[in-house]
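Here's the structure we're looking at; comments come further down.
Order of writing sets the chain letters: A, B, C and D. Residues in each chain are counted from 1.
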């Protein structure tokens, strides 16, 4: 009544204004989180909330559904994928195409070609969920923009997926499973 | 719940052919001609004052319009009315004068399923644009459509 | 006595608000007939985001539809998941493990908080606040979305629920995080209220605007906070209790003046009640299985089924017809905001242009769900 | 410090003296005038850039974020990026627009704002033209903006623009009345319309202590006068896109933006001049005091913008005509009485009497409000 509510509201915003400087002081003299590893402001903390991407980034959770990767069997050094095509059948938008190779390698079926079309992918994770061999997983990779949409850019083939598998799951164990 | 209502309805409307359909959600099948009277009776006498959903289904032999009615006071359980319409000239009476909330839903069913609602104040397409050919939710509608965007101006 | 013609001859103008307009929350269009700044007539036009989800739903298998439900109301994907999953469970009569039920409740109530915070923020944006309440709401939303990401792997398009449970169990470290977020929520809501509830400008803008009497609300099939702000005690969690809501103790807030301001108050109070439910759920959650094993090729029996839940925006129902195959024969979404919009012209007549955006904001639409 | 105190004044004397050595006096005067004008224009451009940056930073802080911080240290070069963007954007004239009016409006909206700068006393002796009708001049010139904005709204041939234009006219004409009425109290105390004498009249006590209510009325109507939040209806982006400048782009849009920010600054500066004692202040140089006070008021403007939703057009008009105008009239009457009664009795009785009088007015308002509320409740109960 009579402007008191407005003053109350103004006090809230002023508090936020002051607290941003307090949080800045705490961080002083650094502008960004150490090594760019930001963490979300805790529910009890106050101050600047934004993460200064790209100087700092949030850590991805192990279950984060980023780009796909294909795992390699560390013992035999061939892809775990057998080209069975179940992932392709579970995909709601049909962005995965698999062709199984004619002959086996080391007693195991392998894919002849495998392509994942990022441009239409929903990142729903049904392919990973359905894979009976545990060959397909998500990477924590999320910066996936390219300048084109051809093969090698937005369309990923087996080699690139395997390379990501090497990078993110060196022992063949994806982050999700390391979590438990 | 539905059973009792059904029996009461049969008493009230002896000459109409109502049918009780067993199922996970029991329903009452009504002839299109009687729908309006039955619905009005349900709304005014039985306390089913809330029309939740109007759905159209394209079965191989018929169209069906399904009404989910609830009562604000009685609580749980839908009362489901099912009305069949012919494949060639599907038409069902509109319930907009009973429940204004049926307005957009009936327009949507008309738009996507092609069932006409007789007596609807403003029956026109709602989600698709005027001049769109066909009704996409019909089973015989090709997934890629009869026309592509931008075509309707030229044709 | 001579009468003098005192009235000026005036004309109405037709104003086309949208589909590209800052406060139509997406691609929604209103054709408004104005007399000066007063609304004479209003016609909502929608469908600019229509993807024919129901047709896609018939093409997909039952499982493949779950990620699509995320994209209906993209603010509350978890409750969309729940509504669809529960409909299929009703169809195939699948029992859900208890822990999974609790996890679902936690997720859905968090979603409700997210939705209401964003809805209020968006309403205030429409009223002309320079993004401040919106950003405060988004801060809280961000923390909750982090929880979603931790559990499901994605922030908005969660795709977390499965028939007979959830995708995976809660990860280690989830519960402490959840507790700290939930513990901080009342303070957030208090601050939000301090910023807005008593604000005179907010009050004169919202009180007495867009009055929706109870009988009209029921007649127009309004649901959710819109219906409860009209004083109708109808919360599906209470009257048609699903999942395990009967185990929790919570109140259903009701409006007394049926206006935009009451819708705001109801949303605030529902956030508080959600916090109450969350606190109880955190306390009661048991250990155990989180999903039942289903065959890889899932074929529910023939039949048709309708299941509805109280999504944050209102009654979200799925009507499924199964012919016994892997795909639904008919997949109908009863989306709350689409039907709530039916009443918009009724609410707006006689108000000013500025009130239209406030009323639209108070209905809280998401075009992904309106147009499907 | 005396050197710093009159830095700019001495500088101008020095330049003038330098020029007078090998130019006739009239030429030196002319050059000095042109130089002053150039200085003011440059000052205006710098101010808009700085204010633009400051506003975004400050509102960012209100919202728990940094605001622009990518271009240059602390994002200070953001305005350069913005300016480049503005200047290189395509300049679009809608096909159906009235071309003459459409192109004239941005120019017409900028000119008055620069004209007002001429009479602002930035420091002791730092005024381009010390008009003896200074305040009247400001009121007259700032009304010109109304016409320009109406032209913009009309010329665009866009319904949103037209609505915005209509709102501007209604709003600016209404709020001019309480603004002038509240400023009259100050003019009454000094007996002069010249801004320089008003500042000098506050050497003992700033007028805000004598007329807190007058200041409040002036402040509220001034915010409305320059269309800032919470009275930014003419450009309410959630209702009518951008109001009168919906159709403008590129340079022309930049002109509107420039006028808007400069106007907001001018309002803050005038408020500082009329009520906070202008450049008066201890120890620091006068011009620093002036800017400190002006920016303090500008901070409140930003604070309000970062907090409040906006009013509706009928409520806005109601506020002006039903509340501010009567209050300003009462305030004027009471202040006149107080000034007459305490004339020649020294400073202390004047301050005391003014404060008491202001308190009485506020108390009266509260009592009337409470009565009105009770009455309304009774009516509601009866109904």
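Here, contacts are C-beta pairs under 8 Å (C-beta built on N, C-alpha and C of every residue); 3 or more make two chains touch, one makes a residue touch a chain.
Everything numeric here is computed off the predicted structure, so don't read it as measured data.
Across the two interfaces under comparison, A-D and A-C, the one joined by more C-beta contacts turns out to be A-C. Chain centres defined as mean CA positions place C nearest to the mean of all protein CA atoms. We define each chain's centre as the mean of its Cα atoms; on that basis chain A and chain D are separated by 51 Å. Centroids built from CA atoms put chain D at 61 Å from chain B.
Rounded to whole angstrom units, the spacing between the C-alpha centres of chain A and chain C is 28. Centre-to-centre, using mean CA coordinates, chain B is 25 Å away from chain C. In chain A, 1-2, 6, 9, 12-13, 16, 49 are the positions where the chain touches two or more neighbouring chains simultaneously. Among the residues of chain C, those in touch with two or more other chains are 132, 136, 139, 195, 199, 201-202. The list of touching chain pairs reads A-C, A-D, B-C, C-D. Those residues of chain B whose C-beta lies close enough to touch chain C in the complex are 23-25, 49-53, 55, 57-58, 66, 68, 72, 75-78, 80, 99-105, 108, 112, 125-129, 136-137, 141, 143. Contacts from chain C toward chain D in the complex involve residues 13, 15-16, 21-23, 37, 124-132, 135-136, 139, 195, 199, 201-202, 204-205, 352-357. Taken in their complex, chain A has these residues touching chain C: 1-6, 8-9, 11-13, 16, 40-44, 49, 61-65, 90-92, 122-126, 129-130, 138, 179-180. Within the complex formed with chain B, the chain C residues making contact are 46-47, 50, 52, 54-55, 59, 90-91, 218-222, 232, 234, 239-241, 303-306, 308, 315, 317, 319, 321, 329-330, 332, 334, 338-339, 341-343, 346, 371-372. Within the complex formed with chain C, the chain D residues making contact are 59, 62-65, 159-160, 163, 229-230, 232-233, 236-241, 305-315.
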